[in-house]
Structures are given as structure tokens and as C-alpha cells.
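Below you'll find a set of structures to go through.
After this come two complexes, each holding subunit A, first together with subunit B and then together with subunit C.
The block that comes next holds the complex of A and B.
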């Protein structure tokens, strides 16, 4: 019983981290068919942003957390304004943007390395200690991660389904030409989507670095997992990415407990391969149905 | 009275292939007009160029007395509404969400209930299906959502591309009955159809498109008296 509770808690924590990383990526792909290869560096930038505000400027941790989130949003906006905007009309947008964002990612990672050095800092934005919950020790940090993930992802879901602004984003994702015919400025929609994805990535970065350490390449592994989650969920399925993230987090925690920590990722990837063989469009992906 | 739409020498195409060769025509502030003619001669391209989905290669489009802006979304906000071929609905949204998206370009304060009511009045079937996802609807119901979504914009000109395309004859009748009722409200409508027989009773003026140009223009009476010309182009 105790073990199961442990597994659930660490699985949910992992899942929340994965979800923060994957949902933004899924939204970006779902709306604009753009795979953002710089997504992992967005996470690192968010983590360093929070670190800088807390450690160097000495501001309160809450502000530092917000700064990290904000950094992600700003970097997302800049990516749109400086790069994506000019490539939107391209015939081979999907592949071109993949290469372009990979380049941006390398560049930004080197900027981080030059600015902060390769030394793995400790993320100051975290809470220590644990609380007894149903007879299990639950670290406060786990609870913080869960709260941040639920608040941010919940807010995003509300915006997407309940507001005019979110409706325009979903409409653009479903049919860009039709959205334009409704009067939606889809270039702005893409800017908004990259800001949202950046915010989520920034938050993911702060939270991930609080469980490990800060380093310029810290986003690489989480980003790979986020990509995997998006593919398993079905490319572009935002809700599916969230659910898949939590499922994989729980499975990984169970594997780590029962089989061993180092088997977590390999077995997870094996499972992913099985899923994709059985369902090439992903768990929540739909086969394209054309009806006229 | 000034024309609602005044098109001068419009040309456009895809890649290196020119499709429209200097199309000129004008539409008054109200009434139904129809562009007819065989498939593959530029009717859809004309609508897409008018709404801004396709770039215009040359010529001038005046709408409501001013030159149209370049971007499709800006033209939609100016009241130039395009109901595209094949509906192009937001498939994972409900009927109601699709209709509300149609009103996106209207000021946020606008009361949309009246708009919804008139769409449901014209297409009662949509009222029953209002909370259903569009992807679960039949072809005819989707067409109704497409036209209803266009109505929701409350624009100045409603351009509908092939409202009968791919529908069963009885559904085509329903759609055209709705268009007739819509026309009776004094709306300005531009319909594209391959075959004039369906629009004959609804439209007041006809443009026959052939090879990217208007080969013949006239009113309903002229269409009946010159049926030989029209049938020469349409082959029936």
C-alpha cells in the first residue's frame, strides 16, 4: 500500500513535468504543423531565468518562478517575431522550420553556456521538506510541481475552450484557410501559440531543474520525452499529450520501483514502439478522414 | 447608388499557371447574382481571389467604395464573406461553435443570439444538432453549417461556392429553398454553380465563365432567351 502510494506520487510528479513539456509542443504542432526543436532550450532558458532572478538579483522565489515562466513566453514570442513569421508562407514550412528551430536551439544553448558556464548550478527556486500524507512522506516540491502543472495546463485548457481568443487558436489548428475567412489573423494566432508553448516550457524548465540541476543542455532529455509523448498521443492532440504524459509518468515510476531506475526509459521506449506499431496515428490521433 | 463590388481586370492563378484573364464585373448592393460555367474554368479561383485566399496578379477590387485590403482576414472583417467549396468547417467543433466562429469578425459586444436564431430558422435541422460535432454530420447538414457560418458574419456580400456540390437532389432543393428565403431578406449574395438550372429561379443576373473570362452576362430573362449560348458552353 505504502509502495503504491509512493509510486503514484512520484509518477504524478513525473507526469506533471512531462505534461508541462509536452502540451506546449503538441499545441505548437497541432496549430501550425511546427516541430519546435528549440523546445528543450526554452526549458533551460526558463530555468536559468528563474535562477538569475533568485540567485543573482536576490528576489523572492515566487517572483523568480514567475520570471522563469515569463522568460519562456518571451523567448517564444521572439522566435515567432525573428524567425517563424518569415517562414510561414514557405511551401516546405514543416521541414524548414524543423531545421531553423534546431539551429536556434543550438545558438541559444551556446549563449547559455557562454553566459553562465557549464557548471551545474543548483536551482534555488524550490521548496524543501516533506509532508505526511496518508502515511507517506510527500516532498513539498512534488506538490509544487503538481500545482504549477495543474494551474498552467488548466488555465490553457480554459482559454482554448472558453474564450474567443482560444476558439480562434483551435479554429486555426483545424483549418487555417477557413479561420482566415472568419477574420482570424492567423499570423497573430501563431505568435500567441508560441508564447503559450514558451510559458509552459519555461515552467517545465524551472520544475525540472529543481529536481536535478541547471545546465545549458538540461532541456535535451525532457524535450526528447516530450516529442515521444506527442507522437504516442498522436501528433497535435493537446489533450491526448496531457493524458499520455501522466500515464507514461506513472508507468515509468512503477518500472523504476519494481525493476530499477535505469530501466525506466528503455522499457518506456519499448512500450512506445509497441503502441506505434499497433496504432500508427497515436493513441489519440485520428486517421485523416476525407469527406466531401 | 454605388456598386457593392466592382472588379476591374482581375487576373490570378496558381504557380505559373494563369487561371483568370482580366475579369471585370460589378454587383449592386442587394440581390442574388450567379457565376455559372463549366468546371475548371476559374469560378472557384475567382471567389478565392476575391476573398484574398489567392493572391491577385493584377487588376482592382473595390468593395463598398474602397479598395479591398490585401489579407483575407481583413477582407472578411470588411464584410466580404466567402463560404468556400467543400465547406471547410472546423471539424472538431460543435455546430454552435462553428456558427459562433462565423461571427468572429463582429464586435465582441454584438448580440449573436439573433444571428443564431435566424440560422436555426432557415435550417431547423441545425438547431437539433447544435451541440453535435460537425464531423458527425451528413454532407447536407455540413453544407447548412457552412452557409449558416457565413450568415453569422452579418457581412455585406455573401459569396457561396457551389452550394449543391456533392449533395443528393432532395438536399440540394432544401439548400436552394433556404437561399431563396435568404435572398428575400434583401441580402447581397453571389453564388457559384456549374449548372444554371439550379440558380435560375433564385438569381437575377448571371455571369458565364469560360477559360478564365466572362463569356456572357445577362439577367434571368436574357438567360432564358439565349439558352443556346449557355448550352453551347455547358454542353446540354
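The block that comes next holds the complex of A and C.
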């Protein structure tokens, strides 16, 4: 019983982290068929942003967390203004944007390495201590992660479903040309989507670095989890990505407890392949997949 | 043999002949070593271009396939005492076999799915390798993990040129690597301009019509994936016998992107682009060495710039200029 509670708590924490990372990716792919290979580096940038504000400028933790989130948003906006804007509507957009964002990723990762050095260090933006809950000790940090994830993802869901600007995003995702004919400025929509994805990635980065350490390549592992989650959910399915993230978080926590941390990702991937053999468009995907 | 195949093959033979003369002119070991590295990366880039530029499969597992070839050589020479000459085709076959499995799992899916899954698979293998802790045997008093762990394999048996050629051993290695580059490049020309290449052109033009005429998209993609994996693995095997090491650093994201930059700079969908791109990138990195540790930043910036400004690379630019000249002259004639 105790073990199961432990697994559920660490599974939910993992799931919340994965959801923060994956939902933004799914949103960008869903609206603009763009897959951001630099997503992991966005997470790292958010984490370093929070670190910088807390440690170097000595600001309170809440402000540092906000700064991390803001960093992600700014980087997302810059990515649109400096790179993506020029590639919209190109032939081979899907492959080219993968290549371009991979280039941006390695460039920014190198900048981080040059600025902060390669040695991993501790993220100061975190809360310590634990609370007793149903007989198990739950770290405050886990609860904080759950709260941040629910607040941010909930806010995003509200924006997408309740506001005009969210409707514009969803309309663009459904049919870009029809949205434009209805007067939606789709280029602006893309900018907004990348800012949202950046904000979520920044928050994910701060939270992930509090569980592990800060290092320029800290985003690689979570980003790969996020990729896998998006693929299983079906690329572009935002709600599906959220649900899948929690499911995979719980499964991974169970695998780590019973079989060993080393096999978490391999077994997940095996599951993914089985899912994709049955459903090539993912669990929640409604997209056409060319078959022959 | 169609004229396209013949002309490209003649060109390739010319290039190979010129490369064969290099050791006669260049005596410096450092420079010969750099040319060997160029041929290795060019071979990987050539195969990647066949796969991505022509077959439309954006695989990010190319360095995994390369590493399987290298690890195949390292493990079969270390554990089984196999001759490296025999181990090289064995490593290449192991890559091809891995490609069958990865291909069956991924290649039915759409572009972005393929990229992400192959990337995740390569990362998974890396994690499994570096997280290994138990010793398999002890070699030279040190712990040797089955897949080499974080330190990998070193002092792999060489091709025997150090004994037969003594100080000139690198020339022997040079010709072995040249031979592998030659086979790889010629194979790519045959694939691109042969029936498979034609099938992919048809599938790119109109997937539905091509399928209606009996082309099996998934099967063609798996076949080309396995062929390119064989040659990528063979190149990895040559890497292992030349440098006598194989380790997890082969999986570095920066190496993957360095080679991707060769393909992009040279030009996707061309025949000669990747060779050109490999030469350009090698020279740029050589220049950048004097400016400190900026290789990764440079690779990133070049990737972004080329994709945004020149998505078809140097070869594409050449094609466009040639077309413009042809237009101008035909207008002048009428």
C-alpha cells in the first residue's frame, strides 16, 4: 500500500512535469505543423533564467519563478520573429523547421555552456521539506510542481476555449485558409502559440531543474519524454498530450520502482511502438497518416 | 544504364581517382588524417541525403547506425578475436539488421513521427550503454563493460598496416577508407538514379497515383533505409578500425548536427551536394579552430541560415543558376 502511494505520488509529479513540457509542443504542432527540436533548450533557458534572478540578482523565489517562465516566453517570441516567420509556407516546411530548430537548439545550448559553464549546479528556486499525507511523506516541491502544472495548463485551456484569441488559435489549427478568410491574422497566431509554448517550457525547466540539477543539456531527457508523449497522443492533440503525460508518468514511476530506473525509457518506447503499430496516428490523433 | 547514371558514375570515378592520388602529393600525416575524416563524414552524409533528400525519410538515427557499425567491430574483435577485416562487414550487417527493426517500427508513420521516434530510439540506446555498471570481463586490469559503458572501447585491433607499412600506416588506412567512401558514393548514385529513386520521385509527385500503380511506399522506404544503414554502418566500422576506438561520444548531438549541416549546406535532393557540403563544413571547422570553441555555435547558425535562405543548399543554387543561364541563352536565340 505504501509503495503504491509512493508510486502514485512520484508518478503524478513526473506526469505534471511531462505535461508541462508536452502540451506546448503539441499546441505548436497542432496549429502550425511545426515541431520544435529546441524545446529542451527552452526548458534549460527557463531554468537558468530563474536561477539568474534568484542567485545573481537576489530576488525572492516567486519573482524568480516568474522570470523563468517569462524567459521561456521571450525565447519563443524571438524564435518566431527571427526564424520561423521567414519559413512559413515554404515547401518541405516540416523537415526544414525540424532542421532549423535543431540548429537553434545547439546554438543556444552552446551559449548557455559558454555563459554558465558545463558543471551542473543546484537550482535555488525550490521549496524544501515534506508533509505527511496518508502516512507517506510528500515533498513540498512535488506539490508545488503539481500546482504550477495545473495552474498553467488550466490557464492555457481557459484561454484556448473561452477567449477570442484562443478561438483564433483553434480555428487556425483546424483550417488555416478558412481562418484567414474569416479575418484571423494567422502569422500573429503563430507568434502567440510559440509564446505560450515557450512559457510552458520555461516553467517546466524551472521545475525539472529543481528535481535534478542545472546544466546546459538538462532539457534533453525531458524533451525526449515530451516528444514520445506527443507521438503517442497523436501529434497536435493538446488534450491527448496532457492525459498521456500523466499516464506515462505513472507507468514510468512503476517501472522505476519495480524494474529499475535504467529501463524506464526503453520500456516506455517499446510500449509506444506497440501503440503506433495498432494506431499509426497515435491514441488521440485524428490526422491522416499516409498508408500504402 | 541511363545517361544520368553513366555521367554521375564517370564523375564519381574521376573524384575517386583524384582522391587516390592525394597520398602521393600530401605527405603530412595530420592532413591525411583530416582527409580520412572528411571521407568518413562525407560517406555518412551521402547516405543520409539518399534517405532524407530522396526517400523523404527524416531519420535522426544515422549516428546510431554509424555507432552500431563501430561497436560491431569493437565488440567482435575484442570478445571473439575476429580479424578487423571480417569484423567490418559484420558491423555493417548489424546496422542493416537494426535498420530492419527500426524501419518496421517507424517507417509507416508520417514525417515528424519518424524524426521523433528515431531520435528517441538513438537516445534510448545511448542511455542503456552509459548506464551499464556490471563488468563483463577485465582487460588489461581494467573493467570492461559489455557495451563499453561510459568509456567505450579503446585499442581496437588495427588493420595490420602498422606492421607492414610501419611509419606509413596511415596511407594503408587512407586507401581502405577511400574504398569504403567509393562504394558508398557509387551505391548512392545507383539508388538515386535507379528504380528506387524513380519510385521515390513518383511517390513525392503524387502518392495516391504512385500507390495506385502498385508502388508500396512503406516497403520502398524500408528497403532504402536498410541499404543506407548498411553503408552508414560500414563507414562506422571503418571509423572504429582507423581511430581504434568506439564510444558513447559517437552519439553526441553535436556530431549528428555537424553531419546534418553537411547534407543541408550541400543540398538535399542532389547527388553531389553532400560531398561538397562535407568539404565545406570540414574547411569551416578547420578555420574556426583558431577562433576558440565555436564549432557548435557555428554549426547551429549555419543550419538556420541555410534552411531559411537556401533550403536546397549549394547544389540547389547551382541548379538555379544553370537554369537561368539556359533560359537567357534560349531567349537570346529566338
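Criterion: the second predicted complex is superposed on the first by the 286 of 292 C-alpha atoms of A that agree within 3 Å, B and C clash if a C-alpha of one lies under 4 Å from a C-alpha of the other, contacts with A are read in each partner's own complex, and residues count from 1 in each chain.
FYI, contacts are C-beta pairs under 8 Å (C-beta built on N, C-alpha and C of every residue); 3 or more make two chains touch, one makes a residue touch a chain.
Worth saying up front: this structure is predicted, and the values here are computed from it rather than measured.
Shared-chain residue A:87: touches subunit C; no touch with subunit B. Using the contact criterion defined above for the overlaid structures, shared-chain residue A:18 touches neither subunit B nor subunit C, since it reaches no partner. With both structures placed on the common chain, the touch criterion links A:174 to subunit B but leaves subunit C unconnected.
Touch criterion not met for A:48: it reaches neither subunit B nor subunit C.
Of the two partner chains placed by the overlay, only subunit B lies in contact with A:164; subunit C stays clear of it.
In the superposition on chain A, A:246 makes contact with neither subunit B nor subunit C.
Of the two partner chains placed by the overlay, only subunit B lies in contact with A:183; subunit C stays clear of it. More residues of subunit A are in touch with C than with the other of subunit B and subunit C. Comparing which residues of subunit A touch subunit B with which touch subunit C, the overlap comprises 289, 291-292.
Against subunit B, in their complex, subunit A makes its touches with residues 164, 167-168, 170-171, 174-175, 177-186, 289, 291-292.
Those residues of subunit C whose C-beta lies close enough to touch subunit A in the complex are 52, 56, 58, 105-106, 108-113, 115-117, 119-121, 123-124, 127-128, 131, 207, 211, 215-218, 253-254, 257, 260-261, 264, 268, 293-294, 296-297, 299-304, 307-308, 311. Put simply, subunit A touches subunit C in their complex at residues 29, 33, 35, 83, 86-87, 90-92, 94-100, 102-111, 114, 220, 224, 227-228, 230-231, 235, 262, 265-266, 269, 272-273, 276-277, 280, 287, 289-292. On subunit B, the positions that touch subunit A within their shared complex are 51-53, 71-74, 76-77, 81-82, 84, 86, 88-93, 97, 100-102, 104-105, 108, 135, 139, 149, 153, 165-166.
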